[in-house]
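As written, the chains take the letters A, B, C and D, and residue 1 is the first residue of each chain.
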Amino acid sequence: MPESTTAAVLDPALLAEIEALRATTSATRRATVQAMEDILHVPFPVLDRGFIRVVDYMGDDGAIVQAARVSYGRGTRQVREDRGLIRYLMRHRHTTPFEMAEIKLHVKLPIFVARQWIRHRTANVNEYSARYSVLDREFYIPAPEHLAAQSSDNRQGREGVLTGDEAAEVLDILRGDALRCHANYDRMLNAEGPDHDPARQGLARELARMNLTLNTYTQWYWKIDLHNFLHFVSLRADDHAQYEIRVYAQVMSDLLERWVPLTAEAFQDYRVGGLVLSRPALAVVRKALAGEAVVQADSGLSPREWRELWGVLGEEPPASAG
Amino acid sequence: MPESTTAAVLDPALLAEIEALRATTSATRRATVQAMEDILHVPFPVLDRGFIRVVDYMGDDGAIVQAARVSYGRGTRQVREDRGLIRYLMRHRHTTPFEMAEIKLHVKLPIFVARQWIRHRTANVNEYSARYSVLDREFYIPAPEHLAAQSSDNRQGREGVLTGDEAAEVLDILRGDALRCHANYDRMLNAEGPDHDPARQGLARELARMNLTLNTYTQWYWKIDLHNFLHFVSLRADDHAQYEIRVYAQVMSDLLERWVPLTAEAFQDYRVGGLVLSRPALAVVRKALAGEAVVQADSGLSPREWRELWGVLGEEPPASAG
Amino acid sequence: MPESTTAAVLDPALLAEIEALRATTSATRRATVQAMEDILHVPFPVLDRGFIRVVDYMGDDGAIVQAARVSYGRGTRQVREDRGLIRYLMRHRHTTPFEMAEIKLHVKLPIFVARQWIRHRTANVNEYSARYSVLDREFYIPAPEHLAAQSSDNRQGREGVLTGDEAAEVLDILRGDALRCHANYDRMLNAEGPDHDPARQGLARELARMNLTLNTYTQWYWKIDLHNFLHFVSLRADDHAQYEIRVYAQVMSDLLERWVPLTAEAFQDYRVGGLVLSRPALAVVRKALAGEAVVQADSGLSPREWRELWGVLGEEPPASAG
Amino acid sequence: MPESTTAAVLDPALLAEIEALRATTSATRRATVQAMEDILHVPFPVLDRGFIRVVDYMGDDGAIVQAARVSYGRGTRQVREDRGLIRYLMRHRHTTPFEMAEIKLHVKLPIFVARQWIRHRTANVNEYSARYSVLDREFYIPAPEHLAAQSSDNRQGREGVLTGDEAAEVLDILRGDALRCHANYDRMLNAEGPDHDPARQGLARELARMNLTLNTYTQWYWKIDLHNFLHFVSLRADDHAQYEIRVYAQVMSDLLERWVPLTAEAFQDYRVGGLVLSRPALAVVRKALAGEAVVQADSGLSPREWRELWGVLGEEPPASAG
C-alpha cells in the first residue's frame, strides 16, 4: 500500500477490506486513470484521526472533452486539442461538461466539519448512523500549532496562536470534556464491557448520542460530480475557510491533479489563481494603466476594498502617494 | 399574540422584533391566506426550548390549481373544481404544481435534530454561525416520559421508557455534561463576564464550539417548496422517525392545514393514510378477496412483511388458521 | 459487436469511434459488472432512428450495500445478506444508498421526446447544440401501428389506431412537412452543397433552427444516479407515459437488469408491480376482507377510483352485486 | 393597467383574469414591495408575441439581510447597514441569503427559447401541455433588423444582418413553413372548425404536435429563488447569449431593480460589470502597473485572450508597441 497510509488510526476491519479491494482487478472498457488506480481505496490521513480515500471514480479529462464535443458537434472535431478545449470551457464557465465526471470518497471527519461540508447540497451522502450503531471514542484534538486565537478585528477570523498556560488549559479542556462525555455516553447506553449492568435497560442510542461533543469523528460515503467538486475545493481550500476543513480540501485538490490533470491546471489558472475585479475596481485599474491619478475617495471602493485591491495587484496604493 | 407562544423561552430581542412585525400590515395583490396571516411570525413551541415560526409564505391551494391549469390548458377550465383537481394531482403523483407554493420558517432546534433535518437537500438554509457568534447556553433535555430505552430487536428503535434511578442518572448526566461543556466553551473563549481575563487572548470561536454537546440548540431560516415540504412531513411525522424530529414535523403538519387545506386533506388521504402494497402483497390480497387460501410460506413475503401486511389490513393472518 | 446494433441508422464516424472504444480494455480496481462491459458503447436502437448506448457506469449492487453498511455501521455486518438488505432499502424507501451508483448514456431522440425527458432535473446533460452545428436531416415518423387516435374521454390518451386514408394522409403530412422544413433550413443557412450560393451570407444557425419540426432528432450525453434513474423508469415505462418515451424507458429497464440485478428485482416487486392504496381504498379492502358489504356510494372513492381499484384487485366491483 | 401591456397579443380570457387579479387586494403581514405590487400580473411584452408577467414574489432586500443576520448572529446587528451587508454578501459570494427570496413568473416564449431556458435546473416549472391541449397558431418571426447572418469566424455567433432578397426570402420561408405546419397539425387533429370531418378520428394530440416548428410559442409558470434568478440573468443577459433569450433576461433585469434595488445595484457592481482575470492575466496587469514591459508571447495568454484583455482594460495592447 502506498506511503500515504497511516495504519495507526485505521480500524483493522477497514484495513482488511482495503487490502482485499486493492488485490482485485478487473478488465474494463471504461475510461480509466492509472494515477487514480494507484491510490484507489487507500486512505490519505487528514487531521489527527480523519482520512479521505477514493472509493470509485467515473470519467477523466477525455470524458469532459467527449461531452463538450457532443454539444459543439462536428464543428469542433480535430479543431481544438483537448487541453485547449478544457481551458476554453473553464474560461467561459461552460460548466455542464465538467458534470460528466464523478468521484466517490469515503471520508472520516469531525462532526463540526461535517456540518459545514454538508451545506454543499449537490452531492450524495451516506453517513454513519448513530441511531443504528455506537460511535467510537474518537475525537479531534488540534495540534498545538493550530490552537488559533480569536481575531479581534475579523469576527470569523483567527489571529496568532495560543501558547503557554492558556494553550495547555485549552487542550486539557477539549480532551477532558470529550472523554467524559463519551464515557457517560457509554454509561447511558449501558454498553457492553466491564461496566455493563444486566439489570439496566440502557438509553436509546438515538438519544444517548446527544451527549457527545462536536469534535467526535463521524464518517460517510460522499459522491459528487467534478463541477461541484471544483466548487467545493475553490470555496474550502480558500484562505477564508476554517483550517479544519481546508486540510480536507487540500487533499481533494491533490486528487484533482491525479484524476484530471488538464482540468486541474485550467482550474488553477482561471478560478483559484485568478481575480474577480468589481466594476469600480476595474475602473481604477483602467485609469492607473492609462497613467491617470486614482484616489480611494472617489473610487467607489471602501478603504478595505481599496487596500485589498492594491494588495493583490502587488503595488503600494497610489493614494498613499497622493 | 396568539396563545401558541410561550414567551418564557424567547429571547427578548426576538419578541420585540415579532411584535413589530405583527404590527405592520401592507396591502398586496398576491394570493393571501388569512389563517396564515393570523399566526405569521408567531413561534410555536417545540421540545423544551425550540420553536417553529412562519416568516413568509407564497401561494395557496389556488396557486397549485393555477399552475396545473397552465399545464392542462383550456381543456380543464371549469371542468374540474379545485378540490377535485388537487386530489387528482396528488393521486397521480403530478408533483410539479405543488412546487409552485413556498414557505419560509424560522426554526430553533437541537444540533442532533438539525443534522437529520439538513439531509433534505432541496431547500434553502441560513443557519446561525458559531464561527461568527457565540452560542447561548441552551440545550435540549428530554422530558422524563421521553427517556426511551433502546429496543432490543430493532436497532434504531425505542422500547419502553427508563424509570427510577436509571432515568434520574441519565438526566443528571445530560444536564451536567452540557453545562460543564458550555462553561468550558465560555472559559476557552475568554468570554465577557466576571471570569473575563484581559491578559488572555481567547480561543477562536470556530474552534471553541467543538467542545459543545450535540443537544445544544441552534437556529436557522429554512425555505422550501410545498412538494418538498410534504415529502419532509411524510418522512418525519412518520412513526419510524425519531421523536425529537417528529414533534417538529407535527407542527409543520398543522401549518399545512392552515395554509393549504385542500392539499392537506389530499395528502392525508393519498400519502399519509394510504398503503403501498408490494407486488407479492398485492397477489396475497387478490387471492384472499377471491376466497382462496393464502399462506406465508409461498407468498413471497418474509414473516415480518406478512405480519405487517395483516396488521395493516386489520385481520388475523389467515396462515395462523391454516 | 452484439446483435443489438442496427448499423443502418448510425453515423459511420460514430461506428468507428465505437469500434475503437470497444477494442480498448484497461485493468481497474473499481467495481465492474461484466454484463455491462459486454454491451458498453453499443447502441440499442429505439424508434426509427434513435438509440441508447451506455457510455460509462459507476458501481453495482455491491456499491449500494457498501454505502448502506456505512450508514448502519457494524450492526448490519454479516447479519443481512446483500439481497435482503437491498429489498429492505427499497421497501422502506431508504433512497440515499441508491444514489451511490451512476450511469452515463448517449441518447438519440426526437426533440418532442427530449422536451419531456429534460423535465427530470436531477441529472447532467450535454446536448448537441444547433447554435454551433447543423442538424442532420433525420426525423421520427411513427410506424403505422403507432398512429394512435385521440382518446375521446381521456384528454391525454390514445384510443385505437388510424387506418386507411386517414393514416396515409398523416404519414404524408409528417414526412412532407419535415422534409420541406429541413430543406428550407439548409436553404436559409446557405449550406454547403450543390445549392450553395457564394453571393449569399446565410442566416445564423441559431435562428435557422427555429424552422425545424419537433420530430427532428437531437442527441445528448445524459448522466444520472441510480435512484433518479429508477424514478425516471417508474414514471416513463408506465402505461400512462407516451409511447415514444416509453420505448426508451423500456430499454433503460433492461439495462437495469444487466447492471444491478438485485436492485432491478426489488424495484419490480416494490415499485413497478406494487399498488398504492389511498386511505379510503384501504378502508374498502379491510371491510371486504372482513366480509362486510362495501358500496361505492359511501366509500369516499369516486366512481372512477372505485372501478380502478377493483380492476387492480382482480374482482368484479362488489357494489354491482349489491 | 400600466402602459407595459400590449393588449393586442393577449388572449381575452387572460386579460379578464388579469383585470380580476389586479382588482383584488388583501392585507398582509408579509414583506411587501410597492414597486412590485404596481406591476403584479401585468404582462411585459417580449419579442413579437411573448411576454413575462410577475405572478407572485416572496421577500425583498430586507429578507436577505434578515437571513444573513441569523447566520452572523448578534455580531452584525446594527453594525452594518443593509446596503453594506448586501454588498459584502455579493462580493464574497455568500450566496445562501439570496436564496431566501423567490419569484414566480408567467412566461410566453418560443419553443427553441424554452429549450435553452429549461437548462437552468434549479427552478420549478409548469408548462402548457400539448398532450392535453391544442397549441395556438402563434409563432415567432424575427423583426427584419434581427435577421442575423452566421458569423464566419465564431461558430455560435452572428455577424451583420441579412438584407434585400435574402432577408425577404428568409421571412417568407419562416412564415410559410410555420403556417403550413400548423394548418396540417389542425388537419391531423381533425380539429373543430369548418374543416372538421365527423367521419375521421383525428390523430392523438401528443403525436400531432411533432409536426410543429420550433418557433411555435409555448408558455409556463416558472418559479425560482433570487440567487438562481441572478445566475440566469448574468448568463442570459450577456452579449454571448442569443438575442431571443437575451430580451427576456433584460426584462428580468429590470424586474430585479424594482424588486430588490440594493441587490440589483450590488449585482451590477460585482457580477455584471466586473471582470474575471485569469492567473496569467493578473500577472500581466501587475507587470504593466509596475511599469514593466509585457508581451503576448511570454504571457501565457493566447493571442485572442491577449486582445480581449486589453480590450476590456481600455488600452492598446502594449505588445503592438514592442
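The criterion applied here is as follows: a residue touches a chain if its C-beta (ideal position, glycine included) is under 8 Å from a C-beta of that chain, and two chains touch if they have at least 3 such contacts.
The structure displayed is predicted, hence computed values, not measured ones.
Peer 1: Could you run down the chains that neighbour subunit B and subunit C together?
Peer 2: A, D
Peer 1: How many angstrom lie between the CA centroids of subunit A and subunit C, rounded to a whole number?
Peer 2: Once rounded, the distance between the two centres reads 36 Å.
Peer 1: Could you state the distance in Å from the CA-based centre of subunit A to that of subunit D?
Peer 2: It comes to 34 Å between the two C-alpha centres.
Peer 1: In whole angstrom, what separates the CA-based centres of subunit A and subunit B?
Peer 2: The computed centroid separation for subunit A versus subunit B comes out at 30 Å.
Peer 1: Using the touch rule from the top of the page, what residues of subunit B touch 2 or more other chains?
Peer 2: Residues 72, 75-76, 96, 119, 125, 129, 132-133, 155 of subunit B each touch two or more of the other chains.
Peer 1: Which of line, ring, star, complete and other names the graph you get from chains that touch?
Peer 2: Per interface graph, the chains form a complete graph.
Peer 1: Under the touch definition given earlier, write down the residues of subunit A that touch subunit D in their complex.
Peer 2: Interface residues on the subunit A side: 72, 75-76, 91-92, 96, 119, 155, 240, 268-270, 272-282, 285-286, 288-290, 300, 305, 312-315.
Peer 1: So in the complex, which bits of subunit B are touching subunit D?
Peer 2: 21-22, 24-32, 37, 40-41, 55-59, 63, 66-68, 70-76, 96-97, 99-100, 102, 104, 106, 124-129, 132-134, 219-221, 223, 225
Peer 1: Where on subunit A does subunit B make contact in their complex?
Peer 2: Result: residues 110-112, 115, 118-119, 121-122, 125, 129, 131-133, 140, 142, 147-151, 155-160, 162, 166, 169-170, 173-174, 177-178, 180-181, 184, 187-189, 200-207, 209-215, 242 of subunit A touch subunit B.
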